[in-house]
């Protein structure tokens, strides 16, 4: 029974990882920006929701506010940080350091405004009940799964039907091709950042409900997203989402065999194994040599 | 004040060495790693164990650190070097995260979270020597070595690999060996820095070898400018003295002091990258679009 | 006439598409063999199979009678096969001299064997190669700052300095103006005179006719014909294929 | 941040410059703090500092010393390396007479520096047993963890009839100490340790751990962590079906834990301290703390109040005897005097500089800590 419990718990977490990872992968695939501040987007969205909740707003309004904050932050990063560096042909690590600097700022501004340490919203949705003997599930489990599936469906439809979505996918595959067709990659970058960031918001809100967040949670989120993007195969949204799910499940199910202190290491062992044995990831094209 | 400044100077020399050796990997060979703190940690633990169990001879400690860090880096790098670019970054991130777990769990060697306490001060022929001159000597030695290699054939080999790996191979360069050597040399330097760090602090625990430390070392390098000889040193001095200098600002309320310092620190990092993306000493015209 | 490099039955497919099917080639020493054929005929793939950049599904290759199939690219290079790339792959951030010097230093170790005398010899080789390729005047410029033709000649200088006896050149003359092309042809003729076996992928038929001793005509991964340039060029069937896709 | 706090803080900081010279003169005594003021453990830094601030306010209001006091904060982020830099600055630049430290790793890193410079370091936050006797100048005004578990276990087994205990702990010296305490002491109290679950300090998700805990079928779960993680563990266990008794040690004395609905019924130990009843000193502390910081004081506030007040008391004695206030004289004074009137009652120090204090067992009920025993 413990196996099933761990599997389902892993799925709940993995669904949230999948959402954040897909956001990261979307941005990375379309703009080739290693968006380290994606974790900061997550933190910001979570705290905005908690703030709205504590101020007595309707939850739906809080969700909207959190999404708006995430989108605004993502776009601001694109316009104010990544684009100026890109103009200078800034290298991969330059972007990394700049984004890391911004993450530090966000983390500490949040600490000063919202207070340091643990923050959460207190919702009965997060409390698990025994649905079967020895199997505890909270309503949040279903909400997480439904939210993840719904977001993915919406995203897939957008990317395959809407002209801008199709262009975005093309951008991910071949930026030169797109320029040849006269499409503005600048506008599409903004779109990629907006879409990618909005995906982090539901995950942040649900995390604030379940395990709670603190101002420093962004690093962990960023690492998981990055790992999932690589494991899934760069450029593949489906891959990143599945890999996020896989990492969440791995982190949980590993406890069937190992002691609890190895849980976090498990996701990175998966990452390492993938890089060594299948560097193209689950869905990526083969890495050309 | 002198003691305080010499403490900062020692740390600056140690981190200068770390950033400079990382530069050898990133700037010279184009191998992007965010696991430098792992090798620093390996060196720190082995140097500390030499000082604790055998003799507090700094040379022996540094030698042991270089051998352990360089040797283990080979075992880790050889498989991981098969992949390039972002993949290697990700591999090194995975390595960094796993290393922290291992450092925490291998209590017999590392003391775990509790760390290794009471590392004796370094002695040469029975005389206690401060770490500052040792660190400066180590820094100068490594800088000279790297400058010599940069001008010599090994530097050309690494530059060739960085700029066009397949063309380097087509000229008969054994890319895997060259990369592994670069990683091993760089890791050995990080190991020496780690040993000096352990001797300087007399205490090490796993919290000094986390991802944050790796990112800090990387930030020093990037802020100073990759591919330059003195850039990493400047970056190390700046990023170490900035928080120290900020702590002299007395009008910030004590409870907010940490956050304000961090905000200034993070903000400076971001702004510098936006306005001088190649670092302070880097060639601004030289685009690194392949990076 | 000794054969420097031969290959038999080279084959390679990519995800179901047979890019090269059973290609056999011989490159005699002191001769220029041109590999011609329409785009996508598999010419560059043949090079990649010979040099070990791609693993062949089937086939053999040997250099002076010694098998080289399955060797790594750097091992093939050290055995004496030099190649150029269509996109040049210069060492952008290094000087022209360092680019060429790098070609004289095969060892990936911390230092090169042979000490000071060997170092002086290597430097002399590099200078001679730059002189021959006509880029000695820009020896201290960085590769990324060179003009187009200079970049092409730098790529050639690297090959000259490598002192290989088999050259695989991938469109080395494309985009060159007439005078540069003449200089390039002289360069190749000199190498041929010294007994280098040269294999050339080239679209410009003027260059091919001026240089080639033999032509191998490749289409859809197969050698359709091999022989004297005049004979190949007169074959109307081949001409139709060759010009067919560039109407 | 409320404005009264800013104001008071400003006046405390400006004290050396603004205070009339007839009252106190000379260079201020510098009290240095080495707390995490940013990062995951920053909440502690804020809590620790406020205790010290109030003590300085009281020392100055009472004119205990001839010279003013300046509080110099160095941010450690609870990391050893930053702590060493900060400690070097406090010792060599600020010439701090007295330093306050918090975390185990930080304490162990700075102890050699303070030892060499003969600067007193006082810990009122960390409870790792290996903090005892780090240096003659390293003192603890908080009872260390093994004392806490020994006080808790009899209560658990007798009052709450606990037979099976599971431990969720951070894998550090403190966690290890509690693990071995539970392993040895539980059988003596007629109970057993049925599972121990080590977690990394950075772990955020505890659903899987909760599943493993449930599988062990404990009557009580002991949590040995600190900082933001504690709340996450409590919430993670409760949300995922662990309904048994939760217990812990003094690190739970944080507002963020107290205000967590899931922490209802949490049993934990702390130094015995009665803010409402008790002596004049304690009452004054509690009232003024509420007035200045607009919230009820916690144990940590009191500990660092005490740690700072100790300086006032020792320095006052030395000043009156005409001596110089430094590490050596203060250590001599400590060993001579031994007993001090502190918040929460009289504190008595042993030869190592560790304060012995009574431990009480508390329970969170309705967002307040209520005393159960001790």
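The chains carry the letters A, B, C and D, assigned in the order they are written, with residues numbered from 1 in each.
Please note the rule applied: a residue touches a chain if its C-beta (ideal position, glycine included) is under 8 Å from a C-beta of that chain, and two chains touch if they have at least 3 such contacts.
Protein identities per chain, from UniProt: A, B = Branched-chain amino acid ABC transporter permease; C = ATP-binding cassette domain-containing protein; D = Amino acid ABC transporter substrate-binding protein.
Predicted model only: the values in this text are computed from it and were never measured.
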Partner chains that chain B and chain D have in common: A
Pair of chains ranked first by number of touching C-beta pairs: A-B
Closest chain to the centre of mass proxy, which here is the mean CA position: B
Distance from chain D to chain C - Cα centre to Cα centre, in angstrom: 74
CA centroid of chain B to CA centroid of chain C, Å: 42
Inter-centroid spacing, chain B versus chain A (mean Cα positions, whole Å): 30
Distance from the mean Cα position of chain D to that of chain A, given in whole angstrom: 37
Set of chain A residues in contact with two or more other chains: 108, 111, 261, 264, 289
Multi-chain contact sites of chain C, meaning residues that touch two or more partners: 53
Contacts with 2+ other chains: residues of chain B: 101, 104-105, 166, 256, 258-259, 262
Pairwise chain contacts under the document criterion: A-B, A-D, B-C, B-D
Chain D - residues contacting chain B, complex: 1, 6, 9-10, 13, 33, 36-39, 42, 45-46, 49-50, 53, 71-75, 77-82, 84-86, 88-89, 91-93, 104-105, 108-109, 112, 128, 130, 170-173, 175-176, 200-201
Chain B residues touching chain A - in the complex, by the definition given at the top: 26, 32, 79-80, 82-87, 89-91, 93-95, 97-98, 101, 104-105, 166, 211, 215, 218-219, 221-223, 226, 256, 258-260, 262-263, 265-271, 273-275, 277-279, 284, 287-289, 291
Complex interface listing, chain A residues touching chain B: 34, 80-81, 84-85, 88-105, 107-109, 111-112, 219, 223, 226-227, 230, 234, 261-262, 264-265, 268-269, 271-272, 275-276, 279, 287, 289
Touching residues on chain A, where the partner in the complex is chain D: 2, 5-6, 9-10, 12-13, 108, 111, 115-120, 122, 126-130, 134, 136, 138, 210-212, 214, 216-217, 220, 251-252, 255, 259-261, 263-264
Residues of chain B touching chain D in the complex: 1-4, 7-8, 11, 100-101, 104-105, 112-115, 117-118, 201-205, 207-208, 243-244, 247, 250-251, 253-259, 261-262
